[in-house]
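The two complexes that follow have chain A in common; it is paired with chain B in the first and with chain C in the second.
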Partner chain A sequence: MRAYVSIWRLRFINGMQYRAAALAGMATQLFFGFVFIMIFAAFYRSGGGDSTAFPLQDLITYVWLQQIFLSLIMLWIRDNEIFAMVTSGNIAYELCRPMGLYPFWFSKLLAQRVAGAVLRCFPITTVVFLLPEPYGLSAPPSWTALLLFVVSLLLGLILVVAISMLIYISVFWTMSPTGSMLMISVAGEFLAGMVIPVPLMPEWLQRITYALPFRWTTDFPFRVYSGHIPQQEALIGIGVQFGWIAALAAFGMWLMRKALRNVVVQGG
Partner chain B sequence: MEKGIIQLTGIGKSFKVAERTAGLRQAAKALFVRKHRIVEALKDISFTVNEGEIVGYIGPNGAGKSTTIKVMSGILVPDGGTCSIMGYTPWKERTDYVRHIGVVFGQRSQLWWDVPVIDSFELLRDIYRIPDEMYRENLAVLTEMLALADLLGVPVRQLSLGQRMRCEIAASLLHSPKILFLDEPTIGLDAVSKLAVRSFIRRINQERGVTVILTTHDMSDIEALADRILMIGKGTLLYDGSLEELRSRFGTGRTITADYREYVGEPVDIPGATRLQWSTERAVYSFDTESVVLADVIAQLSGSVELLDISVDSKDIDEMIVQLYEEHQI
Partner chain C sequence: MSLYFRYLNIQLKSQLQYRASFLLLSIGQFFIPFMVFGGLYFMFERFGQLEGWSFFEVTLCFAVIHLSFSLSECFARGFDAFSSLVASGDFDRLLVRPRGTVVQVLGSKFEFTRIGRLLQSTIVLIWSIANLPQVWSFPKAITLFFMVFNGVMIFTGIFILAATFCFWTIQAIEIANVFTDGGREMAQYPLTIYEKWVTRFFTFIVPFGCVTYLPLMYLLDKEEGSWVTGMLVPFGGLLFLLPCLLVWRIGVRHYRSTGS
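Take a look at the complex of A and B:
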C-alpha cells in the first residue's frame, strides 16, 4: 500500500512543477465553459431545448462540472510517459519492480488525474459558484445528492482509468498510441456526453450510451449532483459502475498478462 | 557439486523482425505484404554462476548480451530452456524474484526525470518496502561511496551523464540485492567516472558479497573487475573461463622493454626472442612464452647490460577478443 501512496506523492510533486500549465488550463476551461453555456442558452431560448426533460439550470451545472473535473474524467487525458516507456523499451525498468504492472500503472494514472484535478478544481469551483444567474453553478439539492455525487464521481474516475488502461495495453501490439487513442477517445467522449449532454440526445442514442461504460464516467455523476437522477436510481447506477469496473479491470489484467508473455523490449 | 546462484540451461529466444528494403515503393508494398524474418537472439545458452563472483559478459553488438540480461531479470520470457536464479524462475515468479536483484541498464533511466533524485529514491524505498533503518543505512553508505551528497537534491534532468549513472547504480542497490545485473554501466562515461564506478562495483562485491554480472564493450572494465568471462556471439556461448586462461590461450606473446646504462657494445642476441629495437640505452624484444621462459630472457639481458628498468607487456585484451571473434567468425 505504501508503494501506491508513494507513487501518488511523486505524481503530485511532479504535477506541482507545472504551475503555469495549471493556470493556462484553468483559463481554457473557464473559457470553454462559457462558450458551451452560451450556445446551449441560446438554443434553449430559441425553443430548441426541452426544459421539462432537462432544465437549463441542470444543463449549466452539467457543463461546469465537466469543466471542473475535466482532468478527472476526460478519456483523452493521457500519460505519454507510459506510451514512451513501451515504445522506447524503458519498460524494462518497470518490469524489474516487485509489483504487478497493472496495479502499478493503474495507480500512476489515477494519481496523475487526481493531481491534475486538485490543482485546478478549487479555483474554478470558486469562480463558477460566484457567477451570476443563470451562468453560475448551482448547489446540489441535498446533502445526500452531494454524497452520492462524490461516490459516483470517484467510481467514474476509477472506471475511466480502467478504460484507458486498455489503450495503454494495446500499445504493446500496435507500438503507437495514436490510432487506438483517437478512436476510443473520440467515440468515448461522445458517448460519455462530453460533446452533447446525454439527456439532449435522441432516445435511441441515449439507449446506446446506457449500454456502454462511457456515460457512467461523466454523465451519470453530474446528473446525480443536480438531482436530475433521483436517489433511488443513483444507488442502482452506482451498482452498475461497480459492475463495469470489475469487468474492465478483469479484462485489462488478462490482456496485460498476455501482453507481457510476448513482450519485446524495444532497442538494445 | 555445489549449485550456483544462477543456473541457465539451454535458454533460447527468437524475435520476429519485420523488414523491407529502403524506398517509398517498398514502404507502400509493406502496407499489404509484410516480410518477417526470425532472428535467433539466443541459442542454447547454458552457464552457472556462483555466489560472490563478478562475471564479465562480453560479445559484439547484437550478440545477445542484453537479451540474456533481460531473460535473467525476468523481463523477457525465453522460448525454451530453464533458468533458476536463487531458486526462482525469473519470468514465472517475477514479482517475488525481482526483490532480490538490482538491475542497471546503462542506456536507460529509472529515475524520474523532473524531480530531485532523492524523491526517486524514496519511491523505490516504498516500492521495495525497504525497512527505514536499512534504507537510511544503505543511502548513507551509497552516498559516501559514490559521492552523491551534492546530487541528491538536484532534478535528474540537470545531472551530467556520469552523475546520473552514479545515481542509477545507487538506485539499484537501495534494497540490498543479492545479485546485480549491469548492462553497460560505463557507457559514455569519462575516465574519472569509470574508475569511480569500477572501484564501487569491486567494493560492494567484496564487502557485501553481491554477485555481479556485467556486460560491457570496454575491455578495461573486464580487466579491472571480472574474475570470469563469458563470451557470446550470434546467440551462442563461445567462451567461459577466466581472463588468465584467455590470456594463456591467445596471449602467449610478450614484449619486453629494457632500459640500461649506456652500452656501446654489439646488440645482444637472445635465442628464441626477436629484437625489435636497439639503441645504446634501450632495447625492445618480443618472444613467445611457449618457446622461451621470461626469466631466461631477463637473465641473458642482465648478463650483458646493466639493467635500470624493465617492463613486460602481454597482448592487449582488445586484440585477444578480436582474435576470438575471428576464430568463431563473428
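Take a look at the complex of A and C:
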C-alpha cells in the first residue's frame, strides 16, 4: 500500500508543476462555462416546451460544477505515457516491478486527475461564487447535500478511472489508442450529460443513460449538489456507484490478467 | 501557389499511407460534432425554438461555422502546430528558404482526417437548406459561399495570431482555445442569444458575427435589406485576416532561434 501512496504523491507533485498552463486553462473553462450558460438560458427564455424538469438555477450549478471539476471527471483525459509504454515495449519494465499493474496504473491515473483538479478548482470556485446573478454558482441547499455531493463525486472519480482503465487495457489488443479512445470518450461524454444535462434529454435517452455507468460519474454528483436528486435517492445512488465500481474494477483486473498472460512485448 | 499544391499533394499521400488509422480518425472526427448536433437536436425537441429562431435556422448557422472550422483546421493546421516548430528550432530552416514563411508554415501540415467533420457539417448544411425554401436563390447561394469562405479566413487568422505569440512564449498558449474552440461553440448559435458585450466583441473584434448572424438575417429574410449588404458583410472575415498577417510579419522579425 505504501508503494501506491508514494506513486500517487510523485504524480501529484509532477502535475502541480504546470501552473501557467493551469491559469490559461482556467480562463478557458470560465469562458466555456459562460457560453454554455448563455445558450441554455436563451433556450429557457424562449419558453415553450417544459422546463420544469430541470430549473435554470440547477442547470447553472450543473454547468459550473462541470467546469470546476473538469479534470477530475472527464473521460477523455488520458495518459499518453501508458499508451506509449504498451506500444513501445517499455511495458517490460513495468512488469518487473514488484506490484500489481492494475493498482499501479489505477493510482497513477487517480493522482493525475486529482492534481489537475486541485490546482484549478479553488480559483474557479471562488470566481464563480462571486459572479453576479444569474450566472453565479449557488450554494448547496443543506450540509447533508454537500456531504453527499463530496462522497458521490469521489466515487464518481474512482468510477471514471475504472472506466478509463478498460480503455488502457484494450490497447494491449488494438495497439492503437486513437480509435477506441475517441469512440468511447465521445459517446461516454454525451451519455454522462456533458453536452446537454441528462434531465434535459428525451425520456428514452434518459433510460439508456440510467442503464450505463457514465452518468454516475458526473450527472449524479452534480444533481445531488443542487438538491435536484433528493437525499433518500442520493443514498441509493451512492450504493449503485459502489456496485459499478466493484463490477468494473473486477472486470478490469480480470481483463488485465488475461492480457498479461499473452502479452507481446513490442521490440525496439 | 503551385508550391502550396505540391505541399498539399505530398501530405495527402503520406497520410493515406496509414489507411486504417486515417479511416478511424476520420470516423471519430465525424462523431464529435455529431454529438454536439445531437445535443442541439434534443434541446430543440424539448423547447421548440430558440428566441424566435427555428431548428433549421440554427442548424444552418451551425453548419456554416463547423464547415469553416473544419476547412481551416484541415488547411491551416500548420499554424496550429506551429509551437513545436519554434521550440525545436526548425523554423530556422524555413527562414533560409527563398519562399514566404506563411506558405511554408501553411504547407508544413494538413489534417485530412477532418474530412469526417467536413462531411458531417455538409450533411447538416444540406439538410437545413432543404428545409429552408427561402434560401433557394442564386445571390443567396453566393452569400452562403462567402460566409463559409470568410469563416475559414477568421479561423485561419486566429490560428496565425496564436502561432505568432509562440515567437515570444515558445510554448503554445492554451488561451487561444477560447477563440478557436470557444468561438466555434459560440458562433454555432445566432449571436443575438448572448449578452450584449459578447455579441459586440464577436462582431467587431473577432468578426464571427459578420459570417453568421448578419448574413443569416439576409438569408432568412429576417431583415429587409438589399442583397449587397448581405454579400459584403461576410468580407469582415477577410478584413480580420489582414492585420493577423501583419502581426505575423512583426513576429517573424522578432524571431530568435532557440538554437537547439
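Heads up, the rule we're going with is that the second predicted complex is superposed on the first by the 263 of 268 C-alpha atoms of A that agree within 3 Å, B and C clash if a C-alpha of one lies under 4 Å from a C-alpha of the other, contacts with A are read in each partner's own complex, and residues count from 1 in each chain.
Following the convention adopted for this analysis, contacts are C-beta pairs under 8 Å (C-beta built on N, C-alpha and C of every residue); 3 or more make two chains touch, one makes a residue touch a chain.
These numbers were taken from a predicted model, which means no experiment stands behind them.
J.: Between chain B and chain C, whom does A:Val5 touch in the aligned arrangement: first, second, both, or neither?
T.: first
J.: By the touch definition at the top of the document, which applies to A:Tyr93: first (chain B), second (chain C), both, or neither?
T.: A:Tyr93 sits against chain B, while chain C stays out of touch.
J.: Touch test for A:Gly25: chain B only (first), chain C only (second), both, or neither?
T.: It touches chain C, and chain B stays clear.
J.: Name the contact category of A:Arg261: first (chain B only), second (chain C only), both, or neither.
T.: A:Arg261 contacts chain B only, not chain C.
J.: Go through the superposed model and pick first if A:Leu205 touches only chain B, second if only chain C, both, or neither.
T.: Once the two structures are laid over each other on A, A:Leu205 reaches chain C alone.
J.: So in the superposed three-chain picture, is A:Ile13 touching just chain B, just chain C, both, or none of them (first/second/both/neither)?
T.: A:Ile13 sits against chain B, while chain C stays out of touch.
J.: Which chain, chain B or chain C, ends up touching more residues of chain A in the combined arrangement?
T.: C
J.: Spell out the part of chain A that touches chain B in their complex, as residue ranges.
T.: Residues in contact with chain B: 2-3, 5-7, 9-10, 13-14, 17, 88-90, 92-93, 95-100, 260-265, 267-268.
J.: Can you name the residues of chain C that touch chain A in the complex?
T.: Residue positions touching the partner: 21, 24-25, 27-28, 31-32, 35-36, 38-39, 42-43, 45-52, 173-175, 177-178, 182, 185-186, 189, 193-195, 198.
J.: Show me the residue ranges of chain A that touch chain C in the complex, using the header's touch definition.
T.: 21, 24-25, 27-28, 31-32, 34-36, 38-39, 42-51, 176, 178-179, 182-183, 186-187, 189-190, 195-196, 200-202, 205
J.: Note which residues of chain B are touching chain A in the complex, please.
T.: Interface residues on chain B, with respect to chain A: 15, 66, 70, 73-77, 94-96, 98-99, 101, 103, 105, 107-110, 112, 114-115, 119-120, 122-123, 125-129.
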